[in-house]
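Notes follow once the structure below has been shown.
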Amino acid sequence: MKIKNLLLIILAVLFVSSTVFASGDKENGKKIYEKKCIWCHGKNGDGKGPAGSGAFLNPPPRDFTSGMYKFKTTPFDEILPNDEDIFKMIADGMPDSSMPAWKDILKEKDMWDLVEYIKTFAGLTGKPAKQIDFAKQVKTSKEGIERGKKLFLDRCAECHGEEGRGDATKKLKDDWDARTWPRNLTKSWSFRVNNNPKEIFARITAGIPGTLMPSFADPASKKKMTDEERWDVANYAASLADASKTIKEGSTVVKAKRILGNLPEKADDPKWQEAEPTNFYLVAQIIGKERFFTPSNNSIMARAFYNDKEIAILLEWDDRTKSIPGDEKAAEILLEGEVYNDAVAAQFPVTIPEEMEKPYFGMGDAARPVNMWSWKSEKKDAPQAVGLLNAMGFEKVEQRDANKAGLTAAGVYNKGTWRVVMKRSLKTGEKDKDIQFEEGKFIPIAFSVWDGTNSEKGSKHTMTTWYWIFLKPEAGAYVYAMPVVVALLVFGGCVLLARSSQRKE
Amino acid sequence: MKTFLKVVAFSVVVILFYAFYASYGIPQIKPEAPPQEEKLDLGSMTMYQFIALGDKIFNGKGTCTLCHNPVGGRAPVLDSVASIALEHMKDARYKGKAKTAEEYIRESMLEPSAFVVAGFGVKGTNDTESPMPNVATGAIGLNEAEIDAVIAYLQKKAGTEVTVKIPVGAPAKEEKAEAATAIAKTPDELVAKLGCGACHKIAGQVGALGPDLTKVGAVRKEDYLRRSVLDPDADIAKQCPTGPCAAGMMPKDYKDKMTAGELEMLVKFMVNSK
Amino acid sequence: MRFLTKAIVSIFIVLAFILSYPILTPASKSSLAFAEEVKKDASASSVKEEKAKDKPAYPPAPKLKETDYPKIKGFNGRIVIWLAAQLHLWFAAFVLAVPIFVLIIEGIGMATHDERYDKMAYEFIKISITAYSITAVFGGLLAISLMVFYPDFMKYMTGIFGSSMLAYAFLFFAESASLYIYYYGWNWLNCGFKKWVHLTIGLVLNAVGTTLMFLANAWVTFMMSPGGVDAQGVFQGNSWAAVHNFLWNPINLHRTIANIAYGGSVVGAYAAYRFLSAQTKEEKAHYDWMGYTANFIAIAALLPLPFAGYWLTAEIYAYSQQMGITLMGGVFAWLFIIQAVLIGALFLSANYYLWCGMGRSEGAVRYNKYIKYIAFVIIACFLVWFTPHTLVMTQTELKALGGPYHKYLGPLGIMPAKNTAVNIMILFTFLSFLLYRRANKIATVSWAKYGNIAQIAIFTGAIINIVFLGVYYGYYTNTALKVGSSVPQVASTLFVIILCMIIDVFMFKGAKDVAPLKWGNVPDRSQYALFLLAVSFTWLMGLMGYIRSGIRQHWHVYTIMRDNSPDAYTPTIGYAAQIVSIAVIIFMAIVIFIFWLNQISSKKH
Amino acid sequence: MKISRLLLAVILIGIFYGFFKIFFGVVLKQPIPSSLLTMYMFFVVVGILLVLSFTEEGARELMSPIKNLLENPEKKMMRMVVFVIVSVLAGYITYNQIKPSFEAPLELRTIHPAPPSNFSAFNKTYNLLTLENPFRKYAKEDPEKFKTLVYEGGEVYFKNCFYCHGDKLDGQGHYAQGFNPLPANFMDVGTIAQLQESYLFWRIATGGPGLPKEAAPWISSMPVWQNFITEEEIWKVILFLYDYTGYVPRSWEKH
């Protein structure tokens, strides 16, 4: 009897408190909003906070006054999102955007209060009437993925690209006239929510309001798909995730492998698969000269081979647009401005630092120059170009002749991915100008990437800080002999110890 | 004896442990070297550093940019001097002996009048005499290594091949520098030390950028002269040999370069120059 | 005969000092002529000062060039001076410390009429007298090498400290005289009123010795926090201002306390060695007792040492924030991790020695079970104490933590946590000592039970207070007050130590022994704890010498006289550790030599 | 059953090791860096050995299994096996140490290096010892104005700094992961809470390239802010940083 009463009381308390939570405390929400959120979303929730106004953020912060929420689990014809949808955005944040996860510093109740306050900006009240039905979830299967692939090529590839790298063939902008980039489905870590099939299904079903991602459940749409079809596509999209593109925490070394014979010349040579890739985040150049805030690329992958004479580095990055200045097709998908070349550059110090002291990562400094290898995509009437320069800081740049230094570079664009091979002999004649590669030494390396369709040119580009490239030597006899010597010595020591101990007895 | 050895061995092991931990157990951070005090270490310099040094001298100690700048127009801009040197050497008015661009630039620094770019000569000499001082003397007093660094910098700037070699060994004119900082005993010494002659005609030197000071005592009072040394822009003379005098031309840091006694000596000397 | 040679050596060195004095002092050039010269030459560096005609008659600090530093092939000036200074310092510390507790021991011996004390005191002073001449030898060596390698610097320093150097020379005479009288008069002045005379001489000896150290400290601290000079290094003529510079007093206190602890540890090591090589039971008992007493003195001085260190650090910050940050946050941050390891080693070995010492009494068994808890607390505090603020991490670890800061260990890297740890460590070391004290005794007073309760209450209260202060000030208050927590923490620690000691003394007055104390009945292992103590202490002093000198960076005299020698750079900690280790080995070799001399001389008798 | 002291020591060491590994690594999700763990374990081992050996019997008991293994003629076989295992282990460790590996070298930098006593920015020279935030006084004199200044500082922050230092000032901004070293986490008690405002001013105005060598200026991504924002804006953003985090700038005045 007593236990029953207790349970009842607990239940009652839970019930009451949950309703309190659900209704939320707007005043508290407002207080938190004005401390933490106004900086991007603005005091009035219009997305025009200090960081929101002007082209500082890509994607721009959400405008709450429109009541339009991009990532929701209610159907396309239901304007209201679920509270949980908003809550989830606050708690978990949105990867690859400037929205952080707040759950580590805000209490759960505070976040619910925020949800309640945020809803007041649009003046929408009540609960959504309809819900997406997740009940008929189709488990992922080989056949299902095949079916999904077919549907994907038909319905989605126009924007998301044939292989899902978001390489759209048309111009895309959202309701606020901002350039939008379709999700690159191979980079699982860059999904705004996550790449769980269920979430993808929700996007396909409800669309992403405000953007050109439509609802495929809308009966009025020519591209309508059935529930089952949408699950198939979602499963297929989830399966596109490319594990080799995951950026491993703490992996900072481009692993150059020694091979016999010739190095692969072409970017699409299958031999490259034998080299272990390393991925790096690309971030916008916001450090010097004209700064850049709206990048479209976010990571680059590097592989390397070397033999006794040369080194070849394969740089691979997903770029949604092949930017060819002068080309009509390229101009078509441009939102504004001008099409420039796509380009990539690898930066090295001119001399390998003996200690930790390196050149300044932003193009070197007066005492320690850098050596920069670059490659530029073709123009309508010009072929791809290889560049070589030495720099002692942003301002002091010396253009050099890449041919003379024996530097070559060639790139191939394929379905949303650039692959560029850069090759040079390990040593050159000009010791105080060119990096001289050495085995077994950690050599600093950094990358820069330009997306010409995203108005990236000059100092506007994405980049990395210093990482390493390591030419791993074959293990010599020393490596095998030394452990044996140590083992023998230790063994001898043990025996001696035992002897002396016994003798004492 | 055995105890003794044991104790010694124990202590040595403890010491070694500490030494080992301090050397390998913690990160070894190399403290920053003391800030440079204009000291040249040519031995370990790369060409880049050498050029960077030239840059620093050109813009700093050498006081070159005082005149060689695009704004003031008091002397030619030297961005491409290394590439057009050959043209100058072919010029009929050229009086020097240089055969290469490098030699030409060095010559121009040591004997500025060997070639005067048209329009930049001392007024009235028809561009045969340069107002520029010999950079190896006076207040500028560059040593050979420093001159070489400036040449390297200029060659680099013009985009031509850098032909200068980094000199080996210590800079030659170490003592000179010391003499310059010593307290001057006579007005002549002081004028030489401060390099007044680079611009002014004074104490036997024949600068031709600033006003002639050989008879200044006749027209200016003591207070005026003292103020002019300490704060050059307080009063601006109307007429300089190269045209109207401009504010900001004379460096303002002479007050930091001399002692009170020296200042008084210099002022008295000028007052007496009638 | 030995007395003669020593006296001659000492006198020679003092003479060298005095003779070199006029050579080195510019003021000796007939002060009138000199003043004239200064008036003519001295660069009144800025014109604004031109009107100030009555400039003091001293030159500004010279601006040196690399060529101003003489080079001698095969010698690195800095290393020579480093070694000479360090060795001089060690011996000086030893020589100054020993008379302090010789005097104390002699006093105890006189009060208790226990002859062992008198015998031990005499043995110590005998050791110190050999060390005294070696100190002088290294002092002379240091002075000479400074003159050789840094002549301009020495010239400048003697210009300012001429008078105090003269005083130093005279005091050195006085010190020698009183030491010899004290030593050679030991047997003669050994009864009744004569003993009082002897004690008074001992007091004079200590007073003179301490003054000597204070004077030398003034020179050293002048280099760190110059006083009595203007920004150009022109001496204003007030010698007292130069001596009494900003860091003088903190260093004086720190060094005095450290010297006592250090002297104790070296004597402890000596006793340990004699114990290990003793042949008879009596000998073993004597040296065990001697080691115990020396260790006791060392630990008693060690406990307040961290507090003196904090004061010094606080004053360094107050003097110059830049110097402070160089010390604590910059390149040297890691040095304090090594220091923490060393001090931890000191505490551990001291405690271990106490625990082992409980084997001397049969009553101690009942306390054995508590030792593991004490050890646990001390180790835990120790781990907190050496947790660095900046962690050494691989890339993978760095990203796993999401930054170079560890959420839970990071706060252990800052001051309040360290203060808390060290206070608790001190309290538990004290607890070890309390247990040791009562191991062989059973209190007979009626209120013993309440006494125990009171002690436990005081301990618990203080620990709660210390932890609360540490946590509260560490994390819940603004940072300006952070260092502020250390004072109440220290106060509670001292409070516990004093109060518990008083209670204990009264409680065990007339207590009965469980069994007779068996001096000499300790394992050999415990003696190695004494060696560890001595070696760690020596090494630690060397390391602290490096940092005290290192925080001046490239200045001979901080912000006034620049070091432009090729050795002006600050060496890395590893390099310093190697030099210090070499110096320690040299020091040990000489100490062993002294002990050996002592042994053969006593054998003769 | 009474377990032997040696075994006890091994078990205790294992327990402590497990505690450090599991409690910090798994429960708190903040693993202890291996360099520190090594030192922790070293002293834990020392401590355990000290406790187990401070009595004569204890020490004997602790050593007896080893002594037995070394001396007992009957255990010859066992002895050899142990010796072989130990030497193979030593050889293996050596191999791991010297084989070429892609593990990047450790880069150590002082996070808060000693500042210079003077520095130049905005064509002026600042003396760090006396430099103070000119707006700080309004906190008392004119709280309304102070609030506005803090808000303006926030604007500066969110237009310039938050890409790296994060919306939450925790060093986890949008671009943070792309940088090495990671941007400073202002919420951590070890950063701005330990510093004076003048120090922050120096770091902001001169950025990465203004750092001394021990702080590895070549990899710091901190821009030279004097090129982008004004002196006043820097002081305001400093106000904002302290206001938002709730820390108080360190000062050396005696309170």
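Chains here go by letter, A, B, C and D, matching the order in which they are written, and residues are numbered from 1 within each.
Here is the rule we go by: contacts are C-beta pairs under 8 Å (C-beta built on N, C-alpha and C of every residue); 3 or more make two chains touch, one makes a residue touch a chain.
What you see is a predicted model, and the numbers here were worked out from it, not measured in a lab.
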Using C-alpha centres only, name the chain that sits farthest from chain C. A
Separation of the C-alpha centres, chain A versus chain B, in whole Å, is 52
Could you state the distance in Å from the CA-based centre of chain A to that of chain C? 57
Roughly how far is chain A from chain D, going centre to centre by Cα mean, in whole Å? 27
Between chain C and chain D, tell me the centre distance in angstrom, where each centre is the average of that chain's C-alpha atoms. 30
Which parts of chain C, given as residue numbers and ranges, touch two or more other chains? 330-331, 341, 392, 394-395, 397-398, 400
Chain A touches at least 2 other chains through residues 252, 368
Shared interface positions of chain B, touching two or more other chains: 27-33
Chain contact topology (line, ring, star, complete or other): complete
Residues of chain D that touch chain B when the two form their complex: 35, 39, 106, 108-110, 212-214
Footprint of chain A on chain B - complex, ascending: 30, 46-49, 52, 55
For the complex, give me every residue of chain D touching chain A. 67, 70-71, 79, 82-84, 86-88, 90-92, 94-95, 98-100, 102-105, 107-108, 154-155, 157-159, 162-164, 166-168, 170, 172-175, 177-180, 208-209, 213, 216-219, 221, 223-224, 227-228, 244
Chain B residues touching chain D - in the complex, by the definition given at the top: 25, 27-33
Interface with chain C, chain B side, in the complex: residues 3-4, 6-8, 10-12, 14-16, 18-19, 21-24, 26-35, 37, 39, 174, 178, 181, 183, 230, 255-256, 258-261, 263-264
